[in-house]
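See structure below.
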Amino acid sequence: MIDKTTIAATNEAAEARLRADYDALAEQLDRRGIDITAVKDKVAGYGIAVPSWGVGTGGTRFARFPGQGEPASIFDKLDDCGVIHQLTGATPRVSLHIPWDDADPADLNAKAEELGLGFDAMNSNTFSDAQGQAHSYKFGSLSHTRKEVRDQAVEHNLYCMELGKKIGSTALTVWIGDGSNFPGQVNMTRQFERYLDSTKAIYAKLPEDWRLFTEHKIFEPAFYSTVVQDWGTNYLIAKELGERAFCLVDLGHHAPSVNIEMIVARLIQFGKLGGFHFNDSKYGDDDLDTGSVDPYRLFLVFNELVNAADTPGFDPAHMLDQSHNVTDPIESLMNSAMEVQRAYAQALIVDRPALSGYQDENDALMASETLKRAFRTDVTPILQMARFEKGCAIDPLATYREAGYRAKVAEARPASTSGGGGIV
Amino acid sequence: MIDKTTIAATNEAAEARLRADYDALAEQLDRRGIDITAVKDKVAGYGIAVPSWGVGTGGTRFARFPGQGEPASIFDKLDDCGVIHQLTGATPRVSLHIPWDDADPADLNAKAEELGLGFDAMNSNTFSDAQGQAHSYKFGSLSHTRKEVRDQAVEHNLYCMELGKKIGSTALTVWIGDGSNFPGQVNMTRQFERYLDSTKAIYAKLPEDWRLFTEHKIFEPAFYSTVVQDWGTNYLIAKELGERAFCLVDLGHHAPSVNIEMIVARLIQFGKLGGFHFNDSKYGDDDLDTGSVDPYRLFLVFNELVNAADTPGFDPAHMLDQSHNVTDPIESLMNSAMEVQRAYAQALIVDRPALSGYQDENDALMASETLKRAFRTDVTPILQMARFEKGCAIDPLATYREAGYRAKVAEARPASTSGGGGIV
Amino acid sequence: MIDKTTIAATNEAAEARLRADYDALAEQLDRRGIDITAVKDKVAGYGIAVPSWGVGTGGTRFARFPGQGEPASIFDKLDDCGVIHQLTGATPRVSLHIPWDDADPADLNAKAEELGLGFDAMNSNTFSDAQGQAHSYKFGSLSHTRKEVRDQAVEHNLYCMELGKKIGSTALTVWIGDGSNFPGQVNMTRQFERYLDSTKAIYAKLPEDWRLFTEHKIFEPAFYSTVVQDWGTNYLIAKELGERAFCLVDLGHHAPSVNIEMIVARLIQFGKLGGFHFNDSKYGDDDLDTGSVDPYRLFLVFNELVNAADTPGFDPAHMLDQSHNVTDPIESLMNSAMEVQRAYAQALIVDRPALSGYQDENDALMASETLKRAFRTDVTPILQMARFEKGCAIDPLATYREAGYRAKVAEARPASTSGGGGIV
Amino acid sequence: MIDKTTIAATNEAAEARLRADYDALAEQLDRRGIDITAVKDKVAGYGIAVPSWGVGTGGTRFARFPGQGEPASIFDKLDDCGVIHQLTGATPRVSLHIPWDDADPADLNAKAEELGLGFDAMNSNTFSDAQGQAHSYKFGSLSHTRKEVRDQAVEHNLYCMELGKKIGSTALTVWIGDGSNFPGQVNMTRQFERYLDSTKAIYAKLPEDWRLFTEHKIFEPAFYSTVVQDWGTNYLIAKELGERAFCLVDLGHHAPSVNIEMIVARLIQFGKLGGFHFNDSKYGDDDLDTGSVDPYRLFLVFNELVNAADTPGFDPAHMLDQSHNVTDPIESLMNSAMEVQRAYAQALIVDRPALSGYQDENDALMASETLKRAFRTDVTPILQMARFEKGCAIDPLATYREAGYRAKVAEARPASTSGGGGIV
């Protein structure tokens, strides 16, 4: 964890400037009929989950270039996640990936308690082979042609739920790499039937208070077709499985130019939006930092969420899911959590009655401008004040760098080796 | 119609060559365990609908460059459609667009009978304003914010069904241009609710023996969002409406790189594939001639259809839907009908037991090769023999040109004027 | 023109609020080491051209839904352009399209002087046929297979330059619809040779103080290939022609996911960036309002421009080029001109020394944050103050609506008829 | 190597069928005015290079699932390449990747001679870090901000040329992973300047009889921008470097929907087409087997190549470059080499005078049909006869499986371990 005096010192240096900016913004928002305190309180209460794998340095199929002080175990990863939450106050939960993060649940709980963290959805990785695994997932897992492979994948999911129950998780996220690399390689119908059979077997064991999230993705690691390729198939799955099955939307898992907030709106309308994997992208599933490429797209998603906030039972899960290849993962995750908060705050200050009126009158320009006006508002002071009042860092990046955390763990942790990627 | 002696003469010149090629192919297929006669009979029995608008010269928003002898009325259009069917034997039905083709049903029936044609699905155009129309569709039709506009659009659909009943149609196809051009312009959820209300009102009046086809499209004329943007939303519609509502798949209406045959497979599996609008494209909804850009993609769609052929009640509608900007529309439609037959014939000769075996064994390469082998087979002699035996042209393009049909109608019909496109 | 008292009245109501916001922003920028006055002065001096066709209501190949009071002639169009500039102070020049806007140059000059406008680049439309034209452009213009068609297109370009010289224009913009709709339709090499021959003939007559802009576009109206498909081909053209030939970048004319600011950077580096056609898009060449879909992308383009501002001889032309299908075109153009100013202002306040330092140190996160920080800044008060000080409207949209201009011209101008689009 | 008696035996079983099919095709082509022998001879003389890495099992950033009997060294890889050439007669050269394949040149030459192979272009991998490397390529190689890193990368390229000279290679292929993952991370102009400086240093040492190929790629491993993103930038490089610098076109390295054969045509026209990396793809750089997804696209590329075949000095390099994740790499490479031959043979039988005539007359339909007719022709017998007459296998896949090569090497070679991909 970061030394509290470092936080206090960096905050002290920034406080006066923050108060000036916050007051100016408060006055401006007041003129627009918006109570800044209400917005700040909602932002302060917002939390997003961090994926355990995200605190390591990612890579591509060509190479992985390790960073300094990479976490060597799930407990190291939790330490890093603890720092992120300590400074931002925005990431109270960690989402584990099994088998990568498999450990004694008592140890996991103890560590999480120490860090003030909880556990979010469990992720059952069957897109790669673990050492000693009886059957390979080379040709699929839950939808494999052979029953013994499917059974093994189902068992692994049940195991994830068992572990999750012991650490306070209440959701299972299923993303698989099954699909095909050639036209004709699979019978798409039979493959999907097998997938449904497997997920039904998992769903049958889903604890009563849990939700099952299935995640679609248009391609990769399967390059010709994936068994859950888009939200249409994802919706069919959630319907087939039952009331506690929902669709997870990863912002990078769509065909080029697809309107993502519309998918969000449809899934909300039909009661099947389970949650998000936030990240950003330019070309495909680039797994770039959330909000770094197209911040307006992120805002438009939050606009749909705020719009639907009063829907009874509406409670989508929010998780980051991004790969950090060239940055310090802790910095990227802090920054991304703040970007999500920013989009949320901007969506909160949309003048919804005005928007609704313009929509009814087909005043396209003013409807567009109503969204743009909220998006243009620099809500940074709101985010900073929310953090400051919680004892977190006004400027988490500056405080983190000031604290020298990375250098310290680099001394304590073994150096990670360069990876060759999958291509050779 | 084309003079029968022209057909006979051009066929006579080609017959010997056809018989030689047919026999060689028969022998080759026989070695592969395939009975060429069975394939030929299925091809001979296959028919695809032609859209009435397709026999006119299309254009873009920038310009329309008219061709010679363009049809001036639905009766001219039917004449042209008659020629297409006379020479190819592959296009027994015409799909009307209302109000463009509105006419006395008795006259339509008389003309169709004269030409040996029938009528396919009715298309209710509410994507443009007709002269004298009470309310404009500028801001939408079935999903418009104002009830009177929606009602008008619903009424128009009911009218289309009334007319259709009198001319033997048994299906209504609904494609609308509703959507938005700006983020925020519409509330996507309320817009879709209005759409569902309107289509339910139409469905309530659907004749017992009719099917309702809804068609999705990712963009254009709405450039930010469309109310029926993809097969996921299309499926939701068909489910909401009822058992006689189905999804129509237009090959050009998808996001870039989307796997279309997979959508076909999913809709078949869930009982909601209504039919096709065939065309081809490179960039978007280019409406190019079917099979002209990516013939393997067309084959893969037919591979799914042949694979599902024995599904009880499986009977998707086949229609061409393409715009002819630089060719003689009759030539393009003849050629496209033959390309669809070609894909069908190729799909029929896939060695399905072998394919199934390779799929079960995850022998991706041989599964792929099994499809490729069928696709590589030049089935032209099968198509030609099927035509020849029905009294149609062995080579419809050559016969059509020989007959000089275009020059004749160019004399009889008024010249069409150049269009300015929509952009100005 | 808008009554000055309306401007004064609406400004008066907004002035106090503006001064408060401007002062708060000035203080904030001052803390960041930025002099708001310098930024404001640059914004005040910035101008972007408006395309004459943009003040009419656009459409798609499916339909055109006219608006009220559409301009019936180039003089009406100039009136509308005059209002845009009167209220925003940002659009001092109009870009004409010939033959649409052909008129007596003396009349054009007189009208422009009356309105305080000048003329920007001339556009030579050979993508559609004008009435009475000897040869059709159905199969191309500057690259047509037949010499007489190419000659006619060249002549038209020379005519545009002649006219342009008389009205003070100093640039010719050439965008053509030439290409192909089928694989094989054209020999791509010979087609490009013909294109180069034609443009060389035009370039040979280019006045000494003029620039020639060629514009690329990936598709439409040609749907399989276009003769100037991308910036690579565009660059080859500019190199072949000579020192006064440059590439024009339209933001909507690229393949999906292409990095546009990188193209801008490359063309600047190699001395061939001629200018821009600004608009926004989600799917293709959607011609939506600039900055309405992805404002960060627009900012990133301006970031390159400001970065290169000190390059000797660097003087790209700025023009809007967008189609207004569902809004009042005057409102859209005013708003878009302001969006461009906004992006410019945001790019001006990027901390370039800091950015450069982060880039040198490979501190990707802080480099990204440096851009984001500038983008997040709400520069609206700067834009408003720049307008206010020039006697323009603080809030042009509000003033325009208050003035009731659209209703007035709707009375004076003949109603425009609904268009059918190009598709039928 | 495969036992010759196995080849002879499997050929014997297939010979009669081959002769029948070949004769039938000869007769059909003769009717079309085509001499089958001339086509067969050209196909027989055609060769394509195989990349050494391609005989290993590839993977994604998520996982690599090893196959049986994977090559453990460059000498094992050469053995596998020898089998491919032995059976297909189509892959006489191997393209090495350094440092992966670094070895004593004498040993390489001896092994190659033993297998009847030669060496194609050298590939200088600077997209990943090799063990013991002084400076990391995490933030780039030839375009890195720091001179010592660029120098190291330049040195590596010089080393590749030194090695290549000793083994008979005459070309260097440079593909780098340099780019950025965030807007703002790099100054695109300065990055490209550094890249040009580095490649100029390499080019300065290029042996007189060598060619330098630079390869563009739109994204990955850099996800926001790459320094050589498209053919436009690639062309600039080749121009800057000099006469022996050429552009390499990888079929999977383009933005969605880009017309690749047009890029090929442009590069030919401007004298800068260096060669190809063949593969196929559906979504991005999928590295799927050549011709497996869109065989018509491959044919259209070869149509341009055959069209330009008589251009003086025209001699592009042909290489496969694909990743085999779910197939036996030897099978995929054999099959892909044959697919390329197929496209070549189909392009050879295009009726070019007829095509040219239709193009001149703007008869788009018949021009398209002329290409389609050649593409539809099943040229398999030509390919088989060419192999048979050279002592290769009529059906390489069947012979390879019959010979049991994979099982044999699986016994002799150590098992490869499952890889985790780059993502964690």
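The letters A, B, C and D name the chains in turn, as written, and every chain counts its residues from 1.
Just so it is clear, a contact is a pair of C-beta atoms (placed from the backbone, for glycine too) under 8 Å apart; a residue touches a chain by one contact, two chains touch by 3 or more.
As the structure is a computational prediction, the values presented were derived from the model and not from experiment.
Chemist: Would you mind checking which chain's C-alpha centre is most distant from the centre of chain B?
Modeler: That would be chain A.
Chemist: Pick the pair with more C-beta contacts: A-D or A-C?
Modeler: By the number of C-beta pairs in contact, the winner is A-D.
Chemist: Averaging over Cα atoms per chain, report the distance between chain A and chain C in Å.
Modeler: Measuring from centre to centre gives 39 Å for this pair.
Chemist: Which positions in chain C touch two or more other chains at once?
Modeler: In chain C, 138-139, 181-183, 185, 218-219, 224, 256-257, 259, 282-283, 289, 292-293, 296, 326, 362, 364-365, 368 touch at least two other chains.
Chemist: Could you list, by residue number, the parts of chain D that touch chain C in their complex?
Modeler: 138-139, 145, 180-190, 192-193, 218-219, 224-225, 229-233, 235-236, 254-259, 261-263, 265-266, 268-270, 296, 300, 303-304, 307-308, 355-356, 358-362, 364-365, 367-368, 370-371
Chemist: Hey, which residues of chain D end up touching chain A in the complex?
Modeler: Touch list, chain D to chain A: 53, 56, 58-65, 100, 127-129, 131, 136-139, 177, 181-183, 185, 218-221, 223-224, 256, 281-284, 286-289, 292-293, 323, 325-326, 418-424.
Chemist: Which stretch or stretches of chain D touch chain B in the complex?
Modeler: Contacts found on chain D: 17, 20-21, 24, 27-28, 31, 256-257, 259, 282-283, 289, 292-297, 326-328, 331-332, 335, 362, 364-366, 368-369, 372, 375-378, 380, 397.
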